[in-house]
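One chain, subunit A, links the two complexes that follow: it is found with subunit B in the first and with subunit C in the second.
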Partner chain A sequence: MSNVFPKWSNALPLKIIVFVFILAAAVVSGITYYATPSYTRVGYEPVQPVPYDHSFHVGELGLDCRYCHSKVEESGHANIPASSTCMACHSMIKTDSELLEPVRASFASGEPLPWVRVHQTPDYVYFNHSVHVNRGVSCVECHGEVNKMEIVKHDQPMSMGWCLECHRNPEEYLRPIAEVTNLDWVHPGGEKGQIEDGKKFVEEWNVNPPQSCTGCHR
Partner chain B sequence: MASAHASIEEVEPAILDEVNPVDIPRPALVDNDRSFSWITDKICGIVEEKTPTWWWVCFVLACGTASFTVMGLVYLVSTGTGVWGLANPANWGWAIVNFVFWIGIGHAGTLISAILCLLRQKWRTSINRAAEAMTIFAVVCAGIFPVFHVGRVWMAWFLFPIPNANAIWPNFKSALLWDVFAVSTYGTVSVLFWYVGLIPDLASVRDRATSKIRQFLYGIFAMGWRGSNRQWSNYEMCYLLLAGLSTPLVLSVHTIVSFDFAISLLPGWHTTIFPPYFVAGAIFSGFGMVLTLMLPLRAIYRLDDLITQYHIDCMTKIILATGTMVGYAYGMEFFIAAYGANDFEIFAFVNRAFGNYAWAYWIMISCNVISPQFFWFKKIRENTALVWIITIFVNIGMWFERFVIAVTTLTRDFLPSSWGYFSPTIVDIFTYVGTFGVFSVLFLLFLRFLPLMAMAEIKAVTPQADAHAHKH
Partner chain C sequence: MRYVYLIFILGVVGMVSILGPRGSKSTKPPLEVFPDMDRMPKYHPQAESGFFADGRTDRLPVDGSIARGTYIADEYLATGKRGETFGKGFPIEVDNDAIARGEDRYNIYCTVCHGGAGDGDGITKKYGMLTVANLTDARLSEYTDGQLYDVVKNGKGLMYGYADRLSVEDRWNVVLYVRALQRAANGSAKDLTPAKREELGL
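On to the complex of A and B.
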């Protein structure tokens, strides 16, 4: 047997074991970082047909989210505004802007603008905007600080684990209904105040976020 | 009492002047007084000879059969689990039946390697290697069904508690999760046991190898075995520890498999007799399969001196015993149903025997309870062909047992409006039949490349190894 394997092969099993451990650690950390929604989805920033600047309209001019996404409080779906919504102002302001040409064309023809969807829940997930907005979940919790975005990008992972973070501890996220569209709002009492008030909201509004499979996978 | 006390001292100590144990002759475990070198030549020869024609024929046939499973699974994954005959009310059909069937067959391996080792049943040495191989391959076949029943098979890793972006965790209250752990532990320990047992024999094959590549490959897997005293003493301790470790598994695996049914609330499943009765059934079918495999091998490779009539006797007696236990359990289920006076329970069992699946029930009874009773007769135990045929019946019967349990209960629910009749689809049949091909492919490869008997252990139990055989 001595001539089957060279002497250096004696150390080989140990080296292989060490290598396997390193490889396993690399694979696990690689998957955790690169193959989860916090990497694969966050940062998605598609080019839109019209470079609508949220940071200008919302952040500087102070438009409320609901001016354009008008049905978010009543509907499960937060609507994208029709071109007529844009034209409410832009029939008077910047009427000859080249960037706004697609909006005017869409308004004239009735053909909607081909906005590129940024956030998409899978078909097997049931999500209702109105129930969240009416129970003190702010837009910012899921969509990030849109009032500071020039181009809208995917801000949060929107993985199932991420949904459950709030469904399991809603008191950490709920705020007064009046502040839902105020994206800069933070609880004046800090973290402690947030939890205190959050618990009150959970109690008073009877917030009971589902954690069973069928809550979202209907 | 006092007087009894006093008299103790007067009684003579219970020591005889001379010890005369009754001399009960034990049959030799290796016939014809074969020498060590004959055993090595015989077993290694099987691995070293030119691949026989029959092997190629069987291998091609087995691959062809195995392709049925592959086709069935590809069709299932590309289309959906609906291609199996699973539909309300029978959402467990052949998938669970085949799973339990194969896991049960796998049972004999650990029993032979662990429990018989601890009980010093020396006759295990001739059959344990092949039985352990059978166990591993049966677990492989069994695993196919639950994994693909998941539907999105690429999500099967959800079965294990692995942290993930969905923040979900398996339900530890579910028997199906216990199954995952029971079966994967069982598979791992069986492989470990099998491999540890193989090491000295792999070294024998390595040392006899003439080509460089064989020396290299067998050399790697023999892990530098030299057969020194120190290695042997460590090895024996390791083997003993593994035997101790896997002994509980013999009982736990099928107990947990039976929990899949027993912890539910359905009449016909919800019974406390399930764990022991499943374990007995598993050992029954496992030994059936061992004989089904070993008897042809014995004839083909002329292993009559190593697998003697005594070995066959032992195994058939175990089949007889466990078959009778299973029969007792079938009877006891009826008794408990009658004694418990629960209408639903009584209905479930009467329906089993005389209802829509009566045909399956009576196949089960005749194969599992009646056919092993022939083993009471020495003449039948000595007729190899007949033994082989009966073991085939045992395997058929045990498949039908699982079918009867799973299907009769589901298709006759509490609500007559949801009653139904389960029929397998062609995909079910293809997938199941194909697993016999998968099993055969693996077993044939085992025969071709690994020593099919534990040479080192057999040598230790030969008459030749006992230098003082004729003196006490």
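On to the complex of A and C.
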């Protein structure tokens, strides 16, 4: 009877318990790291029907975001431009470019270009672009430095916790309205100046970002 | 037990090397780990539709119809014309706010070609933009306000119209700002107040 369980088995339960804890820790950290938007969404850069280069058009030519996304100040949806917007220049510039053929075809036929959506909040999130850009939240806060992107990529996780970071401390992010589409802008007074001015904006513009569920989920 | 840990570590190393770090670039659509009700069968602006024959959720207005609330009774305000001819004068309130708004819009939509000063020296010239008008020359200074409005709205020659991006009011604001640019480009010391002239030593 004394030989049924060998001596080493005495330590086994403890070893199993320790291993289970380590395994659980690994699973939890794995899920936290991989099953969240910071991993699943950030870095998404779909292949677009026309390889429009923001770093050239915005960074070098200096086009304002609103030249194309013209309704962002009035509408909840930041619109993708019509082909005629492209053709305003490209009816004269690079008229024989093969890459622009889909644009010309779309302009001629009236069929929209099948641009691939990069940022897509879940359908139960009611995000409104106009209220944000009209209250000093720059494009760069959510979309990253698009003016330096050759291919647009998903830059920020856009998870709920990430939204709330700003909704809880708006003074850290608000900037003068005139600088909203200037993606390179940083407060000249550094972090301290930003907080000081930010607090002023919060008060002057009566910024009261909702933190209740119904603020965004309706 | 040693083997269990070895297999465990191999498993972790394998997972990490397959999945890579956060922020890795990918052309594949994001995986939705917990789909919940992230994607509902409802229509989004500018999205695809399986219902309409043309595949769009955005519907074009029926020919000959005007969206409710967008009809403008004042013909001059809407077209810049009085009867058959272009009119003079501004149908909007002319004040500093209107000029400031015009400047703001001008710098978004016009500067790239016509240049910040309106002299036709925008950045697109370098890339082969053809015959960009100098807004401050005598020919365009003689344009009536209504005529300038019509160019902003409908375009002219090679220039496309901006009616889709500038509201009726904003088009007039831009015209107002163009008038200010023309004044600035063609001004002389006589336009300044005596105090300003002294300050500049003229």
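The working rule: the second predicted complex is superposed on the first by the 216 of 218 C-alpha atoms of A that agree within 3 Å, B and C clash if a C-alpha of one lies under 4 Å from a C-alpha of the other, contacts with A are read in each partner's own complex, and residues count from 1 in each chain.
The definition used in the following text is that contacts are C-beta pairs under 8 Å (C-beta built on N, C-alpha and C of every residue); 3 or more make two chains touch, one makes a residue touch a chain.
Bear in mind the structure is a predicted one, so any value in this text is a computation, not a measurement.
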Original post:
For the three-chain model obtained by superposing on subunit A, do subunit B and subunit C clash or fit?
Top reply: fit
Original post:
Between subunit B (first) and subunit C (second), which does A:His77 come into contact with in this model arrangement: first, second, both, or neither?
Top reply: second
Original post:
Is A:Gly161 in contact with subunit B, with subunit C, with both, or with neither (first, second, both, neither)?
Top reply: first
Subject >> Which of subunit B and subunit C A:Asp64 touches, first, second, both or neither >> reply: second
Original post:
For the combined three-chain view, what is the angle at the C-alpha centre of subunit A formed with the C-alpha centres of subunit B and subunit C, to the nearest 10°?
Top reply: 140
Original post:
First (subunit B), second (subunit C), both or neither: which does A:Phe56 touch?
Top reply: neither
**OP:** Considering only touches as defined above, state whether A:Phe21 meets subunit B (first), subunit C (second), both or neither.
**Re:** neither
**OP:** Mind working out whether A:Met92 is in touch with subunit B, subunit C, both or neither, as first, second, both or neither?
**Re:** second
Original post:
Touch check for A:Tyr126: first (subunit B), second (subunit C), both, or neither?
Top reply: neither
**OP:** Name the chain, either subunit B or subunit C, that contacts more residues of subunit A.
**Re:** C
**OP:** Once the two complexes are aligned on their shared chain, state how close subunit B comes to subunit C by Cα atoms, in whole Å.
**Re:** 7
Original post:
Which residues would you name on subunit A as touching subunit B in one complex and subunit C in the other?
Top reply: 36-38
Original post:
Mind pulling up the subunit B residues that touch subunit A in the complex?
Top reply: 164-168, 206-207, 212, 215-216, 219, 224, 226
Subject >> Complex contacts: residues of subunit C adjacent to subunit A >> reply: 1, 4-5, 8, 12, 15, 19, 22-34, 36-40, 42, 44-47, 56, 107-109, 111-113, 123-124, 127-130, 158-160, 164-165
Subject >> Touching residues (chain side subunit A, partner subunit C) in the complex >> reply: 15, 19, 22-23, 26, 30, 33-47, 61-64, 66-67, 70, 75, 77, 79-80, 82, 84-85, 87-89, 91-94, 112, 117, 122-124, 153-154
**OP:** Write out the stretch or stretches of subunit A touching subunit B in their complex.
**Re:** 1, 4-5, 36-38, 157, 159-162, 164-165
